[in-house]
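Dropping the structures in below, format is structure tokens.
Consider the two complexes below, in which subunit A is the common component and subunit B and subunit C are the respective partners.
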Partner chain A sequence: MTLTVVKTPSEEALAALLDGAQAALPGKDFASVRADAVEKFRSEGLPNRRVEEWKYSDLKRVMPKDLSLAGEVSADEISKQMAVVPRLRGLDCDRLVLVNGVFRADLSDLDALQGKVSLTPVSKALEEGAFVLDELEIAKGDRALTLNTALLQDGVIIDVADGVELERPIEILSLMIGGGMATTRNRVSVGKNAKAFILETFVGDEQAYQVNEAIDFRIADGASLSVSRLLSEGVNALHLGSTTAILGEKSHFEHFTMSTGGQFTRNTAFVKFTGEYSDAELFGATIIGRNQHSDQTLLVDHAVPNCNSKEQYRTVMDDKAQGVFQGKIFVRQPAQKTDGQMMSQALLLSEDAAFFNKPELEIFADDVQCAHGATCGELDEDLLFYLRARGIPLDKAKKMLVLAFLAEAVEHVSNDAVVEALEGFIADWLGLDH
Partner chain B sequence: MLEIKNLHAEVEGNKILRGIDLTIKAGEVHAIMGPNGSGKSTLSYVLAGKDDYEITEGEILFFGEDVLEMEPEERAAVGMFLAMQYPIEIPGVANMTFLKTALNAQRQTRGEPELKTPDFMKRVKELSAKLNVTQEMLRRPLNVGFSGGEKKRNEILQMALLEPKFCVLDETDSGLDIDALRIVSEGVNALRSEERSMLIITHYQRLLDYIVPDVVHVMYQGRIVKSGDKDLALELEEKGYADYTGGAAA
Partner chain C sequence: MAAVKETVDQVREIDVDQYKYGFVTDIETDKAPKGLNEDIIRFISAKKDEPQWMLDWRLDAYKRWQTMQEPSWARVNYPEIDFQDLYYYAAPKNTEGLKSLDEVDPELLRTYEKLGIPLQEQEILAGVSEENRVHTKVAVDAVFDSVSVATTFKEELKKAGVIFCPISEAVKEYPELVQKYLGSVVPVTDNFYATLNSAVFTDGSFVYIPEGVRCPMELSTYFRINEQNTGQFERTLIIADKGSYVSYLEGCTAPQRDENQLHAAVVELVALEDAEIKYSTVQNWYPGDSEGKGGIYNFVTKRGDCREKNAKISWTQVETGSAITWKYPSCILRGENSVGEFYSIAISNGRQQIDSGTKMIHLGKNTSSRIISKGISAGRSENTYRGLVSAHKKASHARNFTQCDSLLIGDQCGAHTVPYIESKNASAVFEHEATTSKISDDQMFYCRARGIGEEEAVALIVNGFVKDVIQQLPMEFAVEAQKLINISLEGSVG
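Entry: the complex of A and B
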């Protein structure tokens, strides 16, 4: 007997949506995996403040009760939205496009990627029975991932072969138009000694919509992967993002998240070291206002010795915005000589903004260097005075300092063109000329 | 140009300035000397508009306009400049970006057209060469990792670029070695003109060998207790402030 906890209108609506959608979702072989996930959702309901991992981000409270799957959109509507949504522009990259949760080969730069990487739509892999969930132990049971599995529509699988060094970034752009729910999962495998730069962009219109997206990075021995994620969702969007990364030996993983949009955003990153002498750098810059809610949750699993992880997140909040940082570095007993440094810094521009900062270390090895720090403050009056004393008006001086605060996180991105585009993006967001 | 009348200011109830009267005419260079805690730096911050100070009495007029009613950025735009004793480090703001933003913000406030980037670069290059401010220093975040001398040279660069009508130099000589003092002083002297006035706050007479003042004032306990010509500075160097502090060692 299954105990059913689904009870709020939004949970009932979601359960009905899950049931109704099953038949049309791709992949017969995947049906039983989905059915298990649906069952799990029915027994758990939506995560809420009583669930420790979701304490500050109550999904039950924010999930709408009118739910439907996002529909198809015309090419006209797509190009219209692409022209107006705030995103990084002028970057030299190869683009893969997903619209309302469906991979669009017709809008993607497939010719440019031909011969450089192997590319498979997730829907095709599902139909062919070739898509296997490869869940990390630390991500198992994650509520957002459960929902992702239950409704998985599409995505892209990118394989970078051993030894291949990609010169141009690959952008995976996800666009939402006309409201509704979309569920995707992408996968990027970087072969031995290969090198790649992935840009993830999430944009959409002003309709109420819900995105549940996951991405799995598999970084082989000696490989190097840089990822920059830009969450610039529409003002009424609900975004659940889950990133998993598995690092092989002597590999390098750089992961940057820029979050500005959406009404409610939850980003979770699960990172696991499986080979020695690897390092992961996880950075983030968040800027929110109105009554936006943005949550960055991290779980870094040091399972083997001699690896370094560095986490540095900066959050700026105005109006009645709420920010959350939850970071946990987990050092298992064999993971001697681990170096883990985690820092979360928040800047509050308004008395009504709030930030919940929860860094955690769980260490079972005895020869490690781990530290975490968390700060929360306002703009420095002395810095403001200096700028004003040189003739810069107060409002502009504040914006310059906000940009400067976030730029310190952005500047860790290893691609100069992307750094410049991100700083330009923040300046635009602030209404600052650059 | 500048008139300070019976100025009283306090911080958290502590009276710091207790009736300053000072008039500076166009083209004049005045120096203020005085023992620690006499209120010299407070006067400079009050002139620039830092809001940690409560003005309880008096007024400051700049070309007849009430300065105390102006925000710090408005004071800068009408031509007042404070070279800070401790120039602050601002990570994430490139020095060059800051200079350009400041100059164009002032021009915009005054209703003047923005200076185009090539013209701006040309001016900065000319001025920075004279002040030994390197390209590297212009690219770096504002004052971050600058030595004491580099910070002060960067202050004078800002002053030269912004072309204020009235400059306050708050202990610009502190932390400078002889060579840096010479470069900074030459930079300041190059800006002396019939239309520009300066107020130099210093502990040491040495600076006044390089930047020769028209008038020297002695400040003590928030008041100007004596004024004279440049020889007054020499006299202070020799005798100290004992005559003004009632014999207590300064």
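Entry: the complex of A and C
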């Protein structure tokens, strides 16, 4: 007997959407994997505050009742939106574009990437039966990933061969137009001793739309990967993001998330060390207002000895915005000599904003150095006074301090041009001249 | 330096058997039939000669309990508890209607003597004050299985206006106070174990400190589970009226048995305007043997309510016993400027599992709280700190500082930290820091280079690690706690 818990109108709508979409989704071999995921969703329903991992982000409450798959859009509409959506501009990079969850070869810089990396659309890999889910143990059962599998449409698979060092960042840009739901999963494999910089950008129009995206990073021995992720979705968007990363020996992983857009955003990162002497640095800057909700959840799995992880997240909330940080450093018994440091700092700019912080340590090895810190408060009166005493108006002084607060997280990004673009982006968001 | 010497001596003294209080007192008891149903609750209520309202309260709780599910969110693993396989009432015979201590079964008095708890008032006056000149008297309420057997210094306390008696007596003597405050901090339906406790609680202490009174001595309750297959469900209610102060100590032990025994207590504290309650616990229930057989399941709900302005509640706990501990002494900071404090040392060894921490709920303006938690895991134990700090919308300028440090001794144990920090007020300032590490080689080398043996060096470093919390304990407990820490960690090094 199957236990059916699907009951709210939005859960029913989503269940109907899942059933209806199955036949048209790519890949015959993948159908049974999808069916299992649909079944799992039916037995669990949408995650809500009673599910510990979703305690502060009640997806059941925010998922709309009217659901449909995102449709096709004309080239005209795309170029119109590309011109207006807030994103990093003036960056020298090679771009891959997904519109409404579908990879668009026609809009991507394929020629520039020719010969540097190998590229395959996920839909093609699915059709050929070559796409295999490679779930991390710690990510298994994740509710957002289950939905991602159930509706997986497309994405890009980027392979950077052993020893290749990419000079220019590769941007994977996801654009949503005209509402509806899109589900993608990208995969980036960086070969031995290779080096790459990936920029992920999520933008869209003002329609109500839902994005469920996942990205898998596979970092081979000695490889180095930097990722900057910009979540700048439209005002009515619901965004579920899942990042998984597996690090080989002596590898380096740098991951930065800038979150500003969307109505409801949930961003999860699962990182696992599988080889010794590797480093992972995860940073994030979030600035939200209105009644936006932004959730940053991460789980770092130290499975082998001698690895370091460092997490630093900064969140600024204005108006009635709600911020969430949930981080866990998980140190398994063999992972001796682990160094794990996690810091989450939040700034509340308004009486009605709220912040929920849950930095966890779960440690089974004794020879480790692990620490976490968390702070939450308002802008420092002394700093404001310092600026105002120098003739800077209150409003501008506040904005300057907010920018400085977030810049400390942004500055960890190893590419200077990206740092500059991100700081400019924050200044624009604040309405500050720069 | 004295503390260090104390530690070293203590470590040397320790025999193979670490738990000193594992003996059983052979005493005739009066037991209710095994199992739980309405009749058992009526039986308990009748035994206690309770008024109808109390029985109704219990039955109502029992009805609610039947609809509730055992919580499973804590990081602890244990086989399912069969709630029908327990005795809910066990009392040493002949305790009813005692006029003075002379009438108490001498076997019982010997038990408390063995535990180092003098019930004879003159003994305290003579013995303790000579040995330890800093402090004079402690009034003790001794709870044996389901009943309170003796409460000392009652008369002297009465002169100051302080009420200190078994709660079963308070139900009859001071029904208006009990009715007003019982269940007002921990509601009947609060959680599975609190509801169970509300239905079947058998005894515990009741304390009322009248307006403006500073309680003339430390109050103390000593809990002892003796009987096999019994659960102990005690209920403590402390009310500090306006401008009063009380310091309350709690200690516990149980015999060494192969089965697990359940202890599900509820403690409620109410601090009114300008009042202060200091509640200290040294929990040393039988932790089970090194393979995890036996031991007490300690599922306790403790909560304090700073109901009016400038109230202060301070929890200090030293947790070394119990197979499983599930305990979160909390403070509801309702009154303006009220203060909550939580100082904790949680030590786990063998196969012990601890999931403990605190909740600081800031509701009023300018409320502040402080959490210092030190967890030490050794052997194959699991030690989790789980805590909540929250500021509600109206809690302007709330302030919290949290520090939770964990120390790991050995590579088979686990130390976990699960803090929840929720701020709904911009002017609230919360700071949280946590570290996990082992005793560093440098620290050990420093000690060893000065001729200090390995075990003594560990004791020295551990004592330093927990110093912040030990300092918060009343004198009587500080010495005992320090000894206990060393006993608990015995055998974990090398």
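The definition used in the following text is that the second predicted complex is superposed on the first by the 434 of 434 C-alpha atoms of A that agree within 3 Å, B and C clash if a C-alpha of one lies under 4 Å from a C-alpha of the other, contacts with A are read in each partner's own complex, and residues count from 1 in each chain.
One rule holds in what follows: contacts are C-beta pairs under 8 Å (C-beta built on N, C-alpha and C of every residue); 3 or more make two chains touch, one makes a residue touch a chain.
Note that this is a predicted model, so its numbers are computed, not measured.
Novice: When both complexes are superposed, which of subunit B and subunit C contacts more residues belonging to subunit A?
Specialist: Partner with more touched residues of subunit A: C.
Novice: Would you sort A:Phe356 into first (subunit B), second (subunit C), both or neither based on which partner it touches?
Specialist: Touch partner of A:Phe356: subunit C, not subunit B.
Novice: Return first, second, both or neither, reflecting whether A:Gly377 touches subunit B, subunit C, both chains, or no partner chain.
Specialist: After superposition on chain A, A:Gly377 lies in contact with subunit C alone.
Novice: Taking the superposition on A as described, I'd like to know which of subunit B and subunit C A:Ala407 touches: first, second, both or neither.
Specialist: first
Novice: So, does A:Ala389 touch the first partner subunit B, the second partner subunit C, both, or neither?
Specialist: Once the two structures are laid over each other on A, A:Ala389 reaches subunit B alone.
Novice: Looking at A:Asp367 after the superposition, I want to know if it touches subunit B, subunit C, both of them or none. Which is it: first, second, both, neither?
Specialist: Only subunit C; A:Asp367 stays clear of subunit B.
Novice: Which residues of subunit A touch subunit B in their complex?
Specialist: Within the complex, subunit A contacts subunit B at residues 382-383, 385-394, 396-397, 400-401, 403-408.
Novice: Contact residues on subunit A for subunit C in the complex?
Specialist: Listed in rising order, the residues of subunit A that touch subunit C are 52, 333, 336, 346, 348-378.
Novice: Give every residue of subunit B touching subunit A within the complex, in rising order.
Specialist: 48-51, 71-73, 75-77, 82, 84, 87-88, 90-93, 98, 101-103, 105-106, 109, 141, 158, 162
Novice: Can you list the subunit C residues touching subunit A in their complex?
Specialist: On the subunit C side, the touching residues are 73, 393, 406, 408-438.
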